[in-house]
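Each chain gets a letter, A, B and C, in the order it is written, and its residues are counted from 1.
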Amino acid sequence: MDKKTVTTIAYLSRIALDEGNEDKITTDLENIIKFVDQLDNANVDGIEPLTNPLEKKAQTREDKVTAKNRKDTFLDRAPKSNEDYFLVPRVVE
Amino acid sequence: MSIQYKSIKNLTSMLQNKEISHKELINETFTLIESKMDLNAFITLNKDAAIEKATLLDSKKNGSSLAGIPIAQKDLFCTKDLRTTCGSNMLSSFIPPYSATVISNLENAGCISVGKTNMDEFAMGSSNETSFYGNVENPWGKNLVPGGSSGGSASAVSSGIVPAATGTDTGGSIRQPASLCGITGLKPTYGRISRWGMIAFASSLDQAGPMARTAEDCAILLNEMCSHDNKDTTSLNEHIPDFTKDIDQPIKGMKIGIVKEFDLSKLDSEVVKVFEESKKHYESLGAEFIEISLPNISLSVPTYYVVAPAECSSNLSRFDGVKFGKRCDDPKNLEDLYIRTRSEGFGDEVKRRILIGSYVLSAGFYDAYYKKAQQVRRLIKNDFDEAFLKVDVLMSPTTRGPAFEAGSKGSDPIQMYLEDLFTIPANLAGLPALSIPNGFVDNKPIGLQLIGNFLEESKLLQFAHNFQKTTDFHLKTPSGENI
Amino acid sequence: MSWETVIGLEIHVQLSTNSKLFSGGSTGFGAEPNTHVDLIDMGLPGVLPVANREAFYKAIRFGLATNAEINQTSSFDRKNYFYPDLPKGYQITQMAMPIVGKGSIKIDVDGSEKVINITRAHLEEDAGKSIHDLFDGETGVDLNRAGTPLLEIVSEPEISNAKEAVAYFKAVRQLVTFLDICDGNMAQGSMRCDVNVSIKKEADEELGTRAEIKNINSFKFIERAINFEIERQIRIIESGESVVQETRLYDSVKNETRSMRSKEEANDYRYFPCPDLLPVVISDDEFNDIKNNLPELPDEKEKRYISEANLEEAEAKIISSSKTMANMFEEACSKTNDSKLVANWLVGDVSALLNSDNIDIEESKLSSNNFAILIERISDKTISGKIAKSILEEVWESGDDVDNIIKDKGLVQIQDESILEEIAQKIINNNLSQVEAYKGGKDKLFGFFVGQVMKETQGKANPKSVNDILKNLLNS
């Protein structure tokens, strides 16, 4: 894992690597990846991945509106909002 | 009469016999909490609401099953209108507009939530050292870690402040701190307890559970914590038994598996000695031992450190400074808002895991890491399925050793990851597992892990209760006296 | 040099469920901002999605109507990216196992038929809305739309020009409205599409580099955006440069597409199975139930209108082309035995009004119910055809109730023959010279008498009765 890869995944994750910790984090990540590379030892030919220990089908819901209007609570507790919207710095498209 | 170290059973009978009022009990609890602030077990206290509820209970005639029992809630469960931080700066001012199902279940049963307990940030850690709110002390020794991530809950129960606490367990976060603090902790079958309102770390591994002094108290709590919840589609729609019903049944003739691949020779000889004594004790109770091979179990930790970071990298994307939680000061633009909010809001361990998760899911690496890990996960589960055809439970030490000193694991994250060697496999397979105190190493408690088959919490509790009826490890207190 | 265009469409259809795909939040359009937001739609810590079964049923209807493979077991994945109106930082979608697999749809381009193959149609949740131009230096986020179920219909790259693309989009719109799975309302964004455009030399086997134009929501803009993009790509290649694979935005004001660099920086979506959601299984019983209750489709309606209602093929085609028109026809036919009359009004006057206003029937103020009442009043002779025409024009403008207009303006046809006879007699008495001329052989003057009676009755007389009465009086 090189620095460029680390920079890319840091951007994908929206996490900044500052000068101080970039090397340490790169080394840590390298070591962790080396550690999980042990998985190469397993023979997984023809094995279905297990993404959830419950191998069941999902329970679904009826098409009913159950939500109540919590606009004021949501907006009041947001980092920045006006009376109608959550606000973020202007996005230019 | 002091209420310290009292069990749920004790407190319930004291309340019923009017030896103490609900309000007195809660006041006493807060006196204890305040006298032990140096443990740093709590992040947020719920004093006013707790006293109010206790006062209300005093005015009522018939309470529900756990009426008035003080309980500490891990700060990972959303509590309506009560700050929920998940151990993170990111949520230092987060006030949830709703409560987790497990919190509602316990409160509806009469429990009084006295506060939110300290924990590793977003449950990522094994020593409580990643908490934004500082380390938690293990009551068993100055500067000893309580384990993690449910370190505050374990410390609060171990020090006798509360009879019970909630925890969550993604790779051992209930069992490992239970072991290090000398208490009993149970991780139920994945899906037994609703995840609604539990702040997700790794959704396919996370499971809430009870932490208490005894297995019997864990059973009492579990009865109230479990429910089939329509809000969680991974919540099991299975019969929920009375978990206390069979705990007194003898275990004579039942079979315990010892996992061949758990190489105990690498452990401290004192740890092994404690484990061997527990085996003998179970033999004396009539259990039979069988050696079991779980060929893929040695890959559990690497599997876990792909799956859990992958899920967490996605689960923690919602912490972006837009709708709730922290936002950095004066963002220059949207990208700056995202990056600084997340860089300032998350600690190093959380960042490491998010980065690892993004890496193993990224184009070109998905098959080699994420997919492969989930394939190995199936192999591990298959190994367990085979094993439970032959045995009732599997037994191992919970941890590689007793509590260690804060800072002693150095800066290599892998050393800390290996802390969960024995506990991770049950999470990968979704199986129930518990830890009970089974001895001391250097005057520090240590725990014994029992892993059960799918939905067989009752059997685990039966094994644990039989052990606790005939031993007194769970009755030892940090001050040296027996309860 | 001759260039060949290759176009593929990804159409996002908002499914007309009451509640969202994973929450009990309302999908209603036009509400006050952030009032239709459930805990789940906020992506609050600790919340979990629960899939809405109805969305699956609606998706399956689409699959059945396009002869597609249906996956009765389908699953959800997460698509990870950051955007302010994407509350969880990921979208839940169906990547690995979509509910609908390969299918196809017929389109009609200037009278000739072509089949467009559909790669897949999968369920996913919509994002909220970002409002960029309302606040100084800030973007407002409205999460009302967040979590609304979408069916994303992905076509094969088999569309050859803008006209075909529009015809395909129209065919999909017609289908989803007939299936009652989407209201088809383009203005409200119920259907949007992303267009992938690339060009290649005719002889080349390989496709050229494509550009994706995001989020277009009108037929007109699809056509213009594609044509602009084709020109742009030809210009680039002919000047010796190469097309960049990127996402572009169509600006309808400037009629151009431009690069959305912001979306390009991170396009590694890190898809993986959503660990909160187990696979959803639709049972055989449910599947058969959907199959057996599939709404009648346009082709079937057209055939039925010809065989049962005796319409001409051209009439039947026009009426069955839109769900709203077909509903109008069927509702009005329930009020009269004269299906020809209904067809004449729809294909004649109503279509003429649509053409002169250049709108679709869905956009007009004429409701199906009001139209049916109008037809009923003609049938039961309450009003004359001439009056009906003026009422239709009034309803067209105002949307007012037909019966109210008839009542308020006193337009009820005079049925009482004695009244008409009295008026006719008065007209005859007042125009004796014309009577003489008529009787002297000037037959054309008959029209004069009819006109006078109609004038006197302000058009409310039944023309046939007037004819009969005048003939009687003048010929006696």
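As a working rule, contacts are C-beta pairs under 8 Å (C-beta built on N, C-alpha and C of every residue); 3 or more make two chains touch, one makes a residue touch a chain.
Keep in mind that this is a model prediction, so the values were computed, not measured.
A.B. asks: Counting only C-alpha atoms to place each centre, which chain is farthest from chain C?
C.D. replies: Of all chains, B has its centre farthest from that of chain C.
A.B. asks: Please find which chain has its CA centre nearest to the centre of all protein CA atoms in view.
C.D. replies: A
A.B. asks: Rounded to the nearest whole Å, what is the centre-to-centre distance of chain A and chain C, using the mean of the C-alpha atoms as each centre?
C.D. replies: About 39 Å separates the centre of chain A from that of chain C.
A.B. asks: How many angstrom between the C-alpha centroids of chain B and chain A?
C.D. replies: The answer is 23 Å.
A.B. asks: With centres defined as the mean C-alpha position, give me the chain B-chain C separation in Å.
C.D. replies: One centre to the other, that is 55 Å.
A.B. asks: Taking each residue of chain C in turn, which ones touch at least two of the other chains?
C.D. replies: Expected reply: 39, 42, 50-51, 80, 82, 84, 139, 141, 143, 268, 270, 275, 277-278.
A.B. asks: On chain A, where are the residues touching two or more other chains?
C.D. replies: Residues 8, 12, 14, 49, 51-52, 54, 58-61, 70, 74, 86, 88-91 of chain A each touch two or more of the other chains.
A.B. asks: At which residue positions does chain B touch at least two other chains?
C.D. replies: Residues 94, 97, 204, 230, 233-234, 313, 320, 322-325, 334, 338, 358, 362 of chain B touch two or more partner chains.
A.B. asks: Where on chain B is chain A touching in the complex?
C.D. replies: 94-95, 97, 190-191, 204, 230, 233-234, 236-237, 296, 299, 301-303, 305-306, 313, 320-327, 331-340, 342-343, 346, 348, 351-352, 354-356, 358-360, 362, 369, 371-379, 381, 411-414, 417, 428-431
A.B. asks: Okay, in this complex, where on chain B does chain C touch?
C.D. replies: It is residues 77-78, 84, 86, 91, 94, 96-98, 100, 195-200, 202-204, 230-234, 310-311, 313-314, 316-320, 322-325, 334, 338, 358, 361-363, 366, 370 of chain B that touch chain C.
A.B. asks: Tell me, which parts of chain A touch chain B in their complex?
C.D. replies: So the residues of chain A in touch with chain B come to 1, 5-6, 8-10, 12-16, 18, 21, 24-25, 28-29, 31-33, 35-42, 44, 47-54, 58-61, 70, 73-74, 77-80, 86, 88-91.
A.B. asks: Quick check: in the complex, which residue numbers of chain C touch chain A?
C.D. replies: Those residues of chain C that touch chain A are 17-19, 23-26, 32-39, 41-42, 50-56, 73, 80, 82, 84, 130-132, 134-135, 137-143, 249, 260, 262, 265-266, 268, 270, 273, 275, 277-281.
A.B. asks: Give every residue of chain C touching chain B within the complex, in rising order.
C.D. replies: 39, 42-51, 78, 80, 82, 84, 87-90, 139, 141, 143, 268, 270-272, 275-278
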